[in-house]
Amino acid sequence: MVEICRRQFLVASGSVLASAAMLSPAQAMELELGGKNYHQLRTYNARTRSHYACTLCPYFDGGFSYVEDGAIKKTEGNPDHIASRGKFCAKGLASFLSAQDPDRITTPLKRSGPRGSGKWQAITWEAALAEVTGKVKEALAEPDTIVANEGGFQDTAMSRFLDTLGSSSLVRSCVPGLGGMAKQTALRQMFGVSFLLPDMEHSKYLLNFGCNTMETALPLAQRLTDGLVNNRLKMVTFDVRLSNTAGRSHEWIPVQPGSDGVIALAMCRHILEKGLADKAFIDTWTNTTSEKLLEALAPYTTKMASDISGVPEKTIKRIAVEFAKNHPASVFTMNGVSSRQQGVEVEQACLLLAVITGNIDNEGGCCLPRQYQIADPQPAPKPLSRPAAKMNHTFPFEVINGQRKVRVLFNHMSNPVYSAPAASLWREMLKDEQRVPFVVDFSPFMSETSEWADLILPDVVGVERHALVSSPTALKPWASISVPGVKPVAMAMDVRETLKKIVEALDADGQKGMKGFWAFANAKQWVEQSCAATPGLEANYKKLVSKGFWPDYGKIDPANRQIIKDGEPVAGEYGTFKKSGFATESGKIQVAIPDLKPNPAHAKLQPGQFVLTTYKVAYHALSMTANLKYLAEISHANPLMINKATARELKIEDGSLVRVTSPVGYLVTKAMLTNGMHPQVVGIATSAGRTSYGRVAQAKPDLPIPAHANPQLHDADIEDNIWWRDKGVNPNEILPLALIKGNGDQAWNDTVVTVAPAQSGDVYGTIRVDNAKHLELYKQMTA
Amino acid sequence: MGESIVTYNAFHHVAWGTTISVYFWLVGASAGSFVISCFGWVFGIKRYKPLTMTASVTAIIMLLLVPFLLTWDLGKPIRFIYLLIPGYWHSTGPMAWGTLLICLYPMSMVVYSYFVLQNNQTFAKVFGIVAIVLALSTHWYTGVVMELNPGRFLNHTALAPLLFLTGAFISGIGLMNVIVWIRNLFRSEENKFDPALIFEMASFMVYGIVFDIFLLFLDFMQTVYGNQNEVMGHTVVLMEIFRFPYLWLTMVIGLFVPLIILVSPLKKTMTGAVTASLLVAVGVYGMRIWWVLGGQYLQSFY
Amino acid sequence: MAIQEPQQKEPRSFGLQTPGTKGVIGKKRYAMVIDLRKCIGCMSCSIACKTEYGLPLGVWRTWVKVMEKGGYPVTKRIFMPRLCNHCDYPVCVRNCPTQATYKHEDGFVLQRYNRCIGCRTCMVACPYNARHLLPEKRTDDKLPRMVVDKCTFCIHRVKKGLVPSCVQACVGGARIFGDLNDPNSEVHKLVSTETVTVLKPELGTSPSVYYVGADWEIMDEPHSYTNRTAQSKAEFNDFKEYHNGDAFADIKEGENLMAEVGKNWVGYLKTIPHKAKETFQAFKIFLFD
């Protein structure tokens, strides 16, 4: 037992001797919005501050981390940062917990039982690196058998590594930038950029198609609230379910899944017909004219749109007119429209609304992205893997079908065994030591995917990482920097440094021409060199380090959150395309009226059949936050959301067990009856139903402490106070592969499922999937 | 505007638990027993004199359990001392008074019992009066502790102390009756208490029961004609979740059945009188449960 | 709300260390306005508060209630951030037997952890569920345990010239904090120009947390209790079963009530060893150290 002296006892029993002394009347002073942090009790010591850019989602909000006694105690937004304006979402605020996560991996681990058995042995970095180097060396004869599965939103180390080795085999679980591959493709085709930023705080009207802004796009959500209250913005949300965003909109329009495109085109037609379109804009800035456009839109009558979408014709017309008459207005779209069959076309259809009303890059409209393109340190190897990168969805099929040879599989910041469609097939592939002989995971956590690795190399977590980021979330471009205030815990090592060591071991004397690309001393220097290589940031590394972000446009006025310089609000810069045109080949917006067809599978739904939507919740970033206690406390379960009236018809009660059957298998979960669900859609949130990560994620405080756990990170709170036991069910287990044609992205929201009361013997959480069916479907798809 | 349903909320513990309900019962029964102890020496009803020490010891023992229960119910047991430190004393906190009473009341009972043993009628009477005032105050304050919480709608009624005192009176008698009866089972004929006392005490109990029913009726009226919280407190909490202690234990088992027994010819049988006494004592515990636990219940999801 | 001449505040101020200060010239009265039109239910406030104080799981200084309202398809989502109201006439303070909870003259209602005996009288007294007992085990065991805790309006930040942590973090900009008695303050302006409501005004606590655009149903105690989803009922039961409440009267719904009462009793007995251990250590230290 530890000896406690009297002094400590007083402390331990909560003796707050200083409290009375401190609590004199408060000084009359303006309260600042942040940027400082103090210990909460007794000492009120100031904590040291470091710059931190949150990378849990691609919005990369800039902020601070605060350190006391060698550990990070808090993260928060930087009030002077023009994008975050001092705000982090719940995930960003809790993100530092991952550094202290007691279930975290802090030493290299080597599998000591059969694959997936959960038996691990801690080994030294030397041994671990020697092993990886050996395997890579063997595979170098056929470089493309060295594969990396990458999930990071900004990390380029993995692709640089493949490029160095001469492998083009990069597959991704997400694309860098905002939104999925389909959305980005759509935008590039149409506008030559991969994102359009709706200037919500200055809009009068916002049409939101399938973006859950208030839960998934927080830096935009704060501008949205400003618009809603200060600018009397009217907001209409098209969604198949009542997301927080839909629930806070002036109008929620529940739509038949996938029908957004038809509605949008019908609205366009109506606006053109009524003469409410901005003819001049169309004629000058698109590859077509308003007359031709109206002609091309002829099939998309409001009647037709109403028939397909289930939205009354009157409503469609009314909203179209309101949207056109309220200038400026903007349109926002996300996965709800683009992650589906014809996602690219639907996305473009929705954005056409902004085009025909001239709401492009104007104040309050859809603005072209302002952003720095962060470059890699130079010199960089010839980019083999990057242009060829594709989504990883078909990867396990290709491997299992013998279409792809793998010798070494690296995994970084991706968790396909949980997050990908056909998750069970990833497991089957990873189980097969013949097909995938060696698996290395760079991971700070024991994810569902890490469980299947041969070697786990502990990466650092966000608050420990040096980073340089930029995201088009504000009307002026910005870059910000992470300079960790703590060292990586225990033996964790930044993946860039690990890869550098591997490269150096492969090319000790530099003869192979690999070493030269890894000439930075450490991650910090990587960032420095990266900054030097980024257009616009070259000479600004020092300024970035001192302020955390750059450029400095002025102060943010806490009252209205406007940028103020020398007492004057800084005006936005709009209409940038007028100088140099759009980044498309023609220099104009490429408008093409697609032939949108309702998804045939959705057209003939039987009673009990639904379209399944699997959406993100505000309190988790897919798997990244799985084991963070404060977030799991808020959000851990994901009952099946089903329309009340429909459920009653199926004899499904609130809270009762249901079986959800997809073409590949079924899962058993609980139903939650709600008025916030389209009658033909059911929803299951992602980020729940963990089978790995640790005690928090699995809601099992009594699990034996994993052998790899670092005793220094012990947290009595986790052992004693976890009160929830419902950990939810992972919907991805029953999601079949559904590729968006010509794009390779997954149509997340298209799966048709049958929902019925559970059968006898079904228990909560049961999952049964037939991998043969997955393979069969893939065969049909590729035939 | 249509339906509405709460989909997320934080959870809260119900602050005072079983310990407190047991404590309220113990204090009540103690006060009630002590009143009986005083019948002989304070009120001069001579035939109760033999009961004095049994009643007094019962009251003292029950009260001695209280500090133990309460101290260990504190988050910081050793800090019970703070309740007695003058600089910390807070006169508007009923608990502060309660602490004093809980300390003084058993002391006064001991002093009283000492003079009873010394057969000192004068001092026994003086200290008996002091002790009985303290006994009643100790129990009165438990009602007050619950009453002075305007947010606990079921408890926030001036009837609370009265309900507690009436409960104390009948449960004390009930308990005494049972103890006397048990004691008689093990004593030789000449050492037995006069069984007539049991019947007589049972008849006192009837007044208490009737008054208690009257008070509960008043309380019932206040809640069902009350504000939304009170109405819900009655329909959702008392009549549903706490139905057993409220309706069955308190009303049926604790009041109506004994009342029926005690107004029927059964009251003349030992079985009848003792059963009624036992039921009353148990029933009063039922009241402590719904009063303490039920009173806080509605707010546990707010 | 106009600034008034100092009034007869004393009669209602018995048992409070400082009289009600709302509208009293020369006094500060810190208050929060929550503009529900701007609240997006992101719960940044909740997490910011938890991290600011390293709060254990299962206790909250602030949280956000969520309600779904209306019939399909006219359905709305309603958010309701909750925290201590820093009442001008706090029942919790009046009822505390040791003055462990007290009213600071600038309007904060605070805890002295070193005085608190953990009797939970204040928890019973608070009409708003704003208080919790800190559990026996927490991440940093040098922070208070087994005493009652609550929102402090972040006095340690306010004294250093910072807004409270939840206000700092509020993504929607819905939380506004300042001196209600200062006519130039944002809170004063909002309270005087917008229609504001407080929780349970009828109880006479005079809350200092004002809501703009509140929905009565979500503010209502019986309504929150009776209109819940099956999921939240199930979670409620899990909380009652698994969160280490010390000797609390936690009753799971749908279970046998008397069995639950019995379990409370066992729960109480289970707390004795750890309390005894601490008591023993305290004796040992005071006597032999």
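Read from first to last, the chains carry the letters A, B and C; within each, the first residue is number 1.
Definition applied: a contact is a pair of C-beta atoms (placed from the backbone, for glycine too) under 8 Å apart; a residue touches a chain by one contact, two chains touch by 3 or more.
Please read these numbers as outputs of a predicted model, since none were measured by experiment.
A.B. asks: In terms of CA centroid distance, which chain is the most far removed from chain B?
C.D. replies: A
A.B. asks: Measuring from CA centroids, which chain ends up nearest the centre of the complete protein set?
C.D. replies: Here the chain at the core of the arrangement is C.
A.B. asks: Taking each chain's centre as the mean of its CA atoms, how far is chain A from chain C in angstrom?
C.D. replies: 33
A.B. asks: Taking the mean of the C-alpha atoms as each chain's centre, how many Å separate chain A from chain B?
C.D. replies: Going by mean C-alpha positions, chain A sits 61 Å from chain B.
A.B. asks: Residue numbers in chain B touching 2 or more other chains?
C.D. replies: Those would be 2-3, 5, 7-8, 11, 76.
A.B. asks: When you check chain A against every other chain, which residues touch at least two of them?
C.D. replies: Answer for chain A, listing residues that touch two or more other chains: 13, 634, 674-675, 723.
A.B. asks: Please list all residues of chain C that touch 2 or more other chains.
C.D. replies: Residue numbers touching two or more other chains: 58, 68, 70-71, 74-75, 78, 116, 147, 229, 231, 235, 239, 243, 278, 282.
A.B. asks: For the complex, which residues does chain C have touching chain B?
C.D. replies: Per the stated touch rule, the residues are 14-15, 58, 60, 63-71, 74-75, 78, 82, 91, 94-100, 115-121, 123-129, 132-134, 146-148, 200, 202-205, 217-218, 220-229, 231-232, 235-236, 239-240, 243, 245-251, 253, 257-258, 261-262, 264-265, 267-268, 271-272, 275-276, 278-279, 282-283.
A.B. asks: Any idea which chain A residues touch chain C in the complex?
C.D. replies: The touching residues are 4-6, 8-17, 19-20, 22-23, 25-34, 36-41, 44, 73-77, 79, 86-90, 93-94, 96-97, 214-215, 218, 221-222, 224-226, 228-229, 242, 244-248, 252-254, 559, 561, 618-619, 629-631, 633-634, 637, 639, 643-645, 653-656, 670, 672-677, 679, 715-726.
A.B. asks: Under the touch definition given earlier, write down the residues of chain C that touch chain A in their complex.
C.D. replies: Residues 28, 30, 35, 37-38, 40-44, 46-48, 50-54, 56-58, 68, 70-78, 104-106, 108, 110, 112-114, 116, 135-139, 141-145, 147, 155-163, 165, 167-174, 177-178, 186, 229-231, 233-235, 238-239, 242-244, 278, 281-282, 285-286, 289.
A.B. asks: Would you tell me which residues of chain B are touching chain C in their complex?
C.D. replies: Residues 1-22, 72-80, 82-83, 85, 88-96, 98-99, 145-146, 148-152, 227-229, 231-233, 236, 241-245, 289, 292-293, 296-302 of chain B touch chain C in their complex.
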